Amino acid sequence: MRIHPRYVQYGAVAILSGGTLLTLAVLVFIVVFVLEKGLPVLSLDFLLSSPQDMGRAGGIFPTLIGTIALPLLAILIATPLGIGTSIYLTEYTRENRVTRVIRFGTDCLAGIPSIIFGLFGFIFFVTILGMGWSILSGGLTLAFMILPTIIRTSEEAIKAVPKSYRDVSFSLGATRWQTVKRVILPNALPGILTGVMLGIGRSIGETAAVIFTAGSSLRLPTSIFDSTRTMAVHFYILAREGISNENAYGTAAALIIAVLLVNLTAYWLMHWFIAKRS
Amino acid sequence: MTLIGEKGVRRILLATALSAISALLLIALFIIKEGLPFIFHYGLWNFLSSSDWEPQAGKFGIFPMVAASLWVTFGAMVVGAPLGVAGALFLSEFAPRPVMRVIKPMIELLAAIPSVVYGFIGVMVLAPLIRDYLGGPGLSVLAASIILGIMILPTVISISIDSIMAVPQSYREGSLALGATVWQTIHMVTIRAARSGILASIILGMGRAIGETMAVIMVAGNAVKIPHSALESVRSLTANIALEMSYATGLHRQALFATGVILFVVIIILNSAAMVAIRGKAARK
Amino acid sequence: MQHKYAALLCIPLILLLGCGRGKTVVTLAGSTAFQPFAEKLAEQYMSEHPNASITVQGGGSAVGIQSAISGAAQIGMADLVILPDEARALTPTVVARDGIAVVVNPSNAVSGLTTDQVRDIFNGKVRNWKDLGGADRPITVVSREAGSGTRSSFEQIVTGISLTRDALIQDSNGTIRETVANDANAVGYLSHGLLNAKIKALTVDGEACSNETIASGSYRLVRPIYLLVNGPLQGEIKAFIEYVLSDNGQQTIKANGLMPAR
Amino acid sequence: MTAKFDIRDLSVSFHGKPVIRHISLQVAANGILGIIGPASSGKTTFLRVLNRMNELEQGSSVTGQVLMDGNDIYRSEVDAVALRKSVGMVFALPVPLPMSIHDNVVYGPTLAGISDRGRLTELTEKSLKAAFLWEEVKDRLNTSGLRLSGGQQQRLCLARVLAMEPGVILLDEPCSGLDPISTAKIEDALTELKRQYTIVLVTNNTKQAARISDETAFFLMGELIEMGPTNQMFTAPRQKRTNDYITGRFG
């Protein structure tokens, strides 16, 4: 007996929408859970004052600086490398052994657990290169970690630019680089930005790799050679060691709001950019 | 760019393209340098097949951890992949565009919530529920699978939506014009066309699940044993490294790096399998 | 704002030149049990010596020993009963002693155990609280990871422990405390300094875990805490360790729940 | 009339599969050569050989000679990028780049390094006029090229090519997606343009070739079957297969 396609469709829609609702409900629950407990603690004073008694009292200013500095450094390093790689893979070469090796390497790098990045960063940057626990060590380690995310998303975005645009550009006497610069990158930008955002998100939320490479000093860093503690690490230490659940939730809420702001800004920038172009 | 010239650009891009692979090799080199001597010393088979992990007594068997990592990752995929793909399909094919435009960035936002927050909620909310209603210590395979499954949702949804949206509208119209229902169009045309992107999203999610450390340490309980039920506590490979690295010295430390080597190999095998799967499907098209 | 931009522009410059490391800082790293005390002591020391710069990192005893050897930290912190061979090159100073408390959830009716019972619980021989005079509920054993100073001290003092496979493993005193506080069936052990109202310390062989019993030696579970330095003590490092051993420093240690070394 | 292109024994294959076989022909300067033939007879490939666009495809190989103004464009020292600046191309489907009308038109010239605003404005107007589009868009040069109708878009593409001031324009079925009125406008433009340019027009619409081309070539299965003045081709073809195709028996 064959079920009428229309009923199959009803069933499918029911399952899909149920799944979506469940997903959204869980995600909303997590955000609400954190905000509900964290917002009462959160204030400008909390953000801008120094922690006291290991974070049991006072604010989280040094961790705010750490949370800005580490992902920023990581992004500054990883974005040019990531976009360069994806351009090379899609525009400058054909599928051959080299691209397969690069792609395989990228996929493997994406799968490497953060703890291994942490171990590596600890041996290589912290110890062998003598950078110590520092923003620099942490930023470099995080850059390695988010590189595959940026490569993959940029590659997808670049591939999605219609081939006809390339044909037109070449037929009008553009070199490859001119085509990339004038047609491909502007059109792939929203997708690339998504990748960068995912990268920022991942580096803001990272704990394992950061503890091993940037340390967990609660003091205000004055240069990129200073150790720092990010908000994620601060949350982990406060919550896990039972130092102060209140301040832990306050930190988590601040973190969520910070991420929200970063994303909104990027989103707004993207729209502004698209609007400007057309 | 006239200064550098087309050849120069190509060279610079090739150099950047080698950055990922050099990073991988550098990491592999250092982890292997620290871990391989131990594997030779202790014996690979002993290391992999023994269930006894008693570093103080000189026993280093990581079979329970390998099993735990695979179980927990499998559990996370069971929880996360169907939900994520269903969400992506619903949002991109059925939900009104404006709704999707609002929800998608919100979901991407959730990827940035630190894993430790998910872990903490797992400890505070999920583990007590499991302990009270299902039994066991609460910190368990089940708790870890659910938390990891939730954690990979944003990755799976976001990338799947991107690849579904990249399917040309004309494909859908072509199918609808032939009398297919929306659902038939989705599962016969859209999913097929977006398959490599969806698979990629699941693989990225899987990578995140198997590699997650802090959240797993928090919710899996870290007991060194092969679980007989989903309610028992386990320790993943990543947790093994992170838990003990801080106090490990000598042979114990090397054994942890060797655990890293094994993790490395497991991940490369998984990746290769996934890539073969994608390529196999693509070839059949 | 201007400054921030300038700072941003400087990043690549600094990267290129590799310079910019300011005054020498003293870094402590290691034992998570002593980390909170070290942070407090560093805070106090710096308020008395405004020019000094002391950073405290956790990481665990092994990281402490390794960083002291490699120079990543100037002072390593370790809380092991027996220091490993690698640490032989380092100059050890005992700065405190620490009791190890056996703890359960406050809702647990059991209030004391003998050493033999502790051994049986952690070996997995006794699996239900009713065998110890408590409610009919399974025991959830919580222990530290292999290599932990607290765990090896605990096992060396109790003797004869071969930890049950079912034991949950946590990687710091604080996480043991949180796990026991969240689970009514749990039993664990942790540094005496971290006891609080969320958990209940049991008597061992009839002796409560308190400052007095630790000082008098009647409570059995006690281990030393070391500061480790590569080479002879000198300069800022020496001054800081002397501060830790001074009356002020020892008072701080005592006030926060560790026993002074002297 | 002198020959702009002199093609001698040209063969093209992709991955070893021949697409064009031993074609020799001459393209007269300042005229329109119409190329007709059924689908996959090598017309588009032939066109892409003339500006070396085929090189962008994987696995293509070209043998024989393609002389433009007496020089072989496939010699290794010839720069394909420079060649494409003097051999413009319009594609089957209109592809405005996702930027403003003005930016679309000056895309080629700015690539070539022209940055003088006055010069660019002048080029824009001249090219849009030549493509019979100026009157329709002169007030909205800064709106996106994607907002134009299909026929306007294709004329924009033509204007974009003209702005580079090439010697040759290649058109690949430029009217295949357009309505008769839009088609007529493009044909009018081409008829004007042939005074200055050499035009090669691939079309699957034999009537279009009959209307505007000076000479017509008939391709079939990668081979040149027949070529001659358009009048003669359509009234007295020498080959039976040509006759069959023109009269609609196959293709």
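Per-chain numbering from 1; labels A, B, C and D assigned in written order.
In this text, contacts are C-beta pairs under 8 Å (C-beta built on N, C-alpha and C of every residue); 3 or more make two chains touch, one makes a residue touch a chain.
If you're wondering where the values come from, they're calculated on a predicted model, not measured in any experiment.
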Distance in touch steps, counted as few as possible, from subunit A out to subunit D: 1
Maximum centroid distance from subunit B, chain identifier (CA atoms): D
Contact pairs, highest-scoring chain pair: A-B
Innermost chain by mean C-alpha position: A
Averaged-CA centre spacing for the pair subunit C and subunit B, given as whole angstrom: 33
Length of the line joining the C-alpha centres of subunit C and subunit D, rounded to whole Å: 79
Interchain centroid distance [CA atoms averaged], subunit A/subunit B, Å: 16
Set of subunit C residues in contact with two or more other chains: 58, 178
Subunit D residues counted as touching two or more neighbouring chains: none
Shared interface positions of subunit A, touching two or more other chains: 175, 178, 239-240
Every chain pair in contact, whichever chains are involved: A-B, A-C, A-D, B-C
Of subunit B, residues touching subunit C in the complex: 53-56, 123-124, 127-128, 131, 137-139, 217, 221-225, 232-233, 235, 242-250, 252-253
Subunit A contact footprint on subunit B (complex, rising order): 1, 6, 9-10, 12-21, 23-27, 30-31, 34, 82-84, 86-87, 89-91, 94-95, 103, 105-118, 120-121, 125, 150, 153-155, 157-159, 162-163, 166, 180-184, 186-187, 197, 200, 203-204, 206-207, 210-214, 218, 238, 241-242, 245, 257, 260, 263-264, 267-268, 270-272, 274-275
Interfacial residue positions of subunit A with respect to subunit B in the complex: 5-6, 8-9, 12-13, 15-20, 22-24, 26-27, 30-31, 33-34, 80-81, 84-85, 87-89, 92, 101-102, 104-120, 123-124, 144, 147-149, 151-153, 156, 160, 175-178, 181, 191, 194, 197-198, 200-202, 204-208, 231-232, 235-236, 239-240, 248, 252, 255-256, 259-260, 262-263, 267
Of all residues in subunit C, those that touch subunit A in their complex: 11, 14-15, 20-22, 27, 36, 39-40, 55-58, 70, 72, 172-175, 177-178, 181, 196, 198
Partner subunit C, residues of subunit A touching it in the complex: 53-54, 73, 76, 126-127, 132-133, 136, 211, 215-219, 222-225, 227, 239-243
